[in-house]
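In what follows, chain A forms one complex with chain B and a second complex with chain C.
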Partner chain A sequence: MTELQAAPRGKPLNLPRLETRARYRDALTAIVAFVVLASLPLFFDSKALLDFVIRCSAFGLFATSLNLLVGYTGMISFGHGMFFGLGAYSFGLIMQKTGVPIPVAFIATLVLSAVAAAVIGAICVRLKEIYFAFVTLAFQMLIHSTILSWVSLTGGDQGLRGGIPRPVFLGIDLGNQVHLYVASCALLVIGLLLMRQIAQSPFGYTLRMIRDNAARASFVGIDVWRAKLTIFVLAALFASTGGVIMSLFVSGAYPEFAYWTISGEGIFINMLGGVTTFLGPMLGTVLFLILNDTVTRFTEYHGIVLGIVILFFAIGLRKGLMDFAIEWYAARRGRGEQA
Partner chain B sequence: MDLNALIACLASSACLVTQTTSGLIIGMLLFLVAVGLTLIFGVLKVVNFSHGAFYMFGAYFAMTTYQITGSFAAAMLCGAAGTAILGLIFERVFMSRVYGADVLMQLLVCYAFVLIFDDVVRMVWGPEFKSMGMPTAFQVMPLFIAGGVVPPYYLLLIGVALVAAIVLGAGLSRTRIGKVVRAAAHNPSMTSALGINTGLIYGGVFALGGMLAGLAGALAAPVRSLTPGMGFSVLIESFIVTVIGGMGSILGALIGALLIGLIRSFGSLGFPLFTEGLMYLFMVIVLVSRPTGLFGKEVA
Partner chain C sequence: MSAQPIIEVRDLDVYYGTSQILFGIGLSVRRGETMALLGRNGAGKSTTMKAIMGLAPPRRGTVMLRGEAITGLAPHRIARAGLGFVPEDRQIFPEHTVEDNLVIGHKKGPDGQDEWSIDRIYEIFPLLDPLRHRIAGRLSGGEQQMLAIARTLMGNPALLLLDEPSEGLAPIIVQRIGELLRQLRSIGATVLIAEQNMHFCMGLASHATVIDKGQTVYTGTIDELKSNDDVRNRYLAL
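Presenting the complex of A and B:
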């Protein structure tokens, strides 16, 4: 199941060399992915496609950062959506109230999210499994109810209206759809690359160790609490970036962004794609958004359809699609070697 | 913040009585939901994330029965029995498949059912707010205790919940069935080796938990508005209750629920915008000082 266990038995893990090579490969993949994504508008003149990719970037960053917690560290956060909402609201509010340039507002949002995540994480991360899941969920509901009741600042259940000003900076005009599209792709690719670096770093392997056996990790001298808190804050930063993209996309922020269903969707996306591979959540995001768009087009009861799909994955398959594909590929290659 | 209102209320006996009773009914309803949650966790070691749905179904079953028969007792009975059957089916058909799996799977199955149940209610009863209305038997003059107004229905509600607490506590500690349930919670494989059908115990405990939540929903139906999704906020609050009281402890659930109820009713006077925040603040204080809750046992 896990990456450590999945390494071919008998062969030593030659980590350092593998890592340097993998790092160049990752950076190269990222550049190619960005070039391909950024050149899409040249070939397809479809507004819907661009919108779809922008939403994929927002949810993809959110879901992949959740995977850092769920898949890599074994911390099942059921309140990760709070940072998505926090990012959207802080960014929107900073832009509306102060009128600073977009990059400044973006960095300020990240700082705010990091502080919030550090405080909430300090309380949550020493709890185990189901306690952790529910206490993070409780904090999510606290933030949601604060947004709803602090009407003078957040607009309450109407959301942050009046549009988010998007002044031009460095020749980039985020009011223009293509500019926003390229910027979202850049944020997505940079975010994924950074998260990949975290996952493949020694720190990332520490996290896997904590997931597999926290007591043993603690015996070999790892400060489990600090490592968990660090990844909690880092994951919150990427989720908040997803929220920023979302608020730029809809030019506002709504209480639904901070509602618990966002967290539930995040968990579902991870399940759909699979939590044992780095890109699983990204695949899950694409599938989920396609599924969601199709279902909402045909029925107003999309909860039932989504619920049945979730049940199919949770009880029927018991793993994500990416896990399935990789196992199938490994099995086929294994047969090929034997033959 | 409106501390003057809070202090003025604390000084007047009429307001004190009114706020305390409203705190007690919030607490008692929460207790009925939370005790099912804690019982299911104690025995089955799963957190029933869809527990709020049973509360919701209890309320809707009671409303429909009341509209058809006009009998309040039948409404309560249907609310409780209907959710018990639902709980049994839910546990045997779906939850029992993910006992061995990790928390993620259990959460996902429950999450799926939260979505499905909410939509089922939306389909059957419609998305708008519904209300059952106070049963005619209780449309009488409210009682006046020390100048405070106490509707008789509130007394019934508090009484039923107290009886449930006592029956449950005594049943678990004194009867043979209670002993078997505790044995199954402690060591299921040994219990099953001794010839006890643990599957039946699991199903029964889940049905009991569902029934208590359904009863809470049915009792709440006359005093609350009914909407799809009404179960979720109750679920979050009852989870806070079990965290404060300690997972798996019935006494803890009772004390935690009453504390939360009182915090809510008095907090709404002093901090109208931050009532929910107070609840979370209290939970954080308990968690930081006693991570296993007020009455929780040390987990190895």
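Presenting the complex of A and C:
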């Protein structure tokens, strides 16, 4: 929080209350979404569907957290995938080396990611636009090459092998696919709800103010650097959670999780889904994974197909699918009211 | 009047890249004064304002705010130290309502002052009252200028910096803004106005600093400037 947001404490300043009703609505939506997702295994006996949703959870958290930077704050990070990789490796290593309960390893992973993001962010967020993008990319490559060359710890290009132990905790057995599925859905829904709260908070509006005009935000009295660093660290936490889900899913961690292509896929997903709505990246994730799975089944040149798709979105629609749908709906409603 | 100036600028040099814009600018404003910073187009008025605000960091010289050096600080620190900046292009939040703009601008002053409430703003700016729920981007230029000043006052500044408040506005609106600034002066606000329009400042400012080609060429009261034909003809006549 900046002092600006804290200021109105002294004197009642008829602040427009951030609608509590909207918050209840978000929480309710989250609960309904979780119940629907969690009950899918009761109706569908398809392992592939569950696997698909687990992957959606991992990438959805990652892509939505990237949108907090790209869409809400205007910080185009090309290195956000490093936190996805860091989450997967930290969690996998802690579980393999220490054998602590899963929640402990999860929290330790978040702490590690926060520290890494604070250090990397402190260097990067001073930079603007393309310089910020390149330096985040450079840190991503640094982490990737550290993973490759530190063979004794990370297994190098073989990745973390031998499986990640998943001891039962409070009756939850993440080795069981259905348990892992429900846990992933829970992490996804809680993560999205938290990110939604951040986006709709006064701090979230401060981020939009910085995106629109950082100089104006600064002479109104906002510490732009601190706000950018805060959201950089917060976004890293959610990306890292995505990595944890991924490492549980594949029971390992591979250097590709920390490669720059993961960051590229994050940007790709955001372009597919659109960055002007909160759920755009989530829709983008579903589209991306469907595309990826179907295209790779038919051709080994899936890069060409994905490239054409992104060209269609970038040059044809000039926005993501969610943006397009919402504008179309608004235009239709507008016409309806006029008629 | 207290002895220590609210703001004191000494020997300010500012460069844009390699070209030097300000050559040792100096000025000072005391509590309750309204200082006009006059000069022709391109003399360096806006750059001086930006340098004081930290938006164009000076390469040499000092800016003292109430006896403390603020030179080279980040703009948000300077804002929180008590400088309220109304930029030339106003920079209101166009997609938000008038009242939201005021709420965004609210912060306590450097000594914890909280003198400006939204209601008090509407008292001083009665024209904004009926517009409170209007989207700021749809206001007229004069209304936006008033809103920009009002938003800055909501931050309880020790000194108000106004960059060309009369620019691009119809004469009748300029007159309104002038009345408003006289009213601010009468309630004891300390103001530094950069202006090209000398006549606008005449009935309004108590003191004047004239700059030309990035240098201070005159400092004194506005009444002395009125009778100093030499300075007026040399540096201010078109």
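We take it that the second predicted complex is superposed on the first by the 321 of 339 C-alpha atoms of A that agree within 3 Å, B and C clash if a C-alpha of one lies under 4 Å from a C-alpha of the other, contacts with A are read in each partner's own complex, and residues count from 1 in each chain.
Going forward, a contact is a pair of C-beta atoms (placed from the backbone, for glycine too) under 8 Å apart; a residue touches a chain by one contact, two chains touch by 3 or more.
Worth saying up front: this structure is predicted, and the values here are computed from it rather than measured.
Of the two partner chains placed by superposition, only chain B is touched by A:Phe134; chain C is not. With both structures placed on the common chain, the touch criterion links A:Arg216 to chain C but leaves chain B unconnected. Look at A:Val224: by the touch rule set out above, it reaches chain C but stays clear of chain B. When the two structures are aligned on the shared chain, A:Arg332 is found in touch with neither chain B nor chain C. If you count the residues of chain A touched by chain B and by chain C, you find the higher number for B. Of all residues in chain A, those touching chain C in their complex are 3-4, 7-8, 10-11, 13-16, 209, 212-213, 215-225. Across the complex, chain A is touched by residues 41, 47, 94, 97-98, 101, 103-105, 107-109, 111-116, 118-120, 122-123, 232-233, 236, 239-240, 243, 247, 273-274, 276-277, 280, 283-284, 287-288, 291, 299 of chain B. Interface residues of chain A, counted against chain B in their complex, comprise 70, 76, 78, 123, 126-131, 133-135, 137-139, 141-142, 145-146, 149-150, 260, 264, 267-268, 271, 275, 301-304, 306-308, 310-311, 313-315, 318.
Contact residues of chain C toward chain A in the complex are 53, 55, 74-80, 85, 87, 91, 93, 100, 103-108, 114, 117-118, 151, 155.
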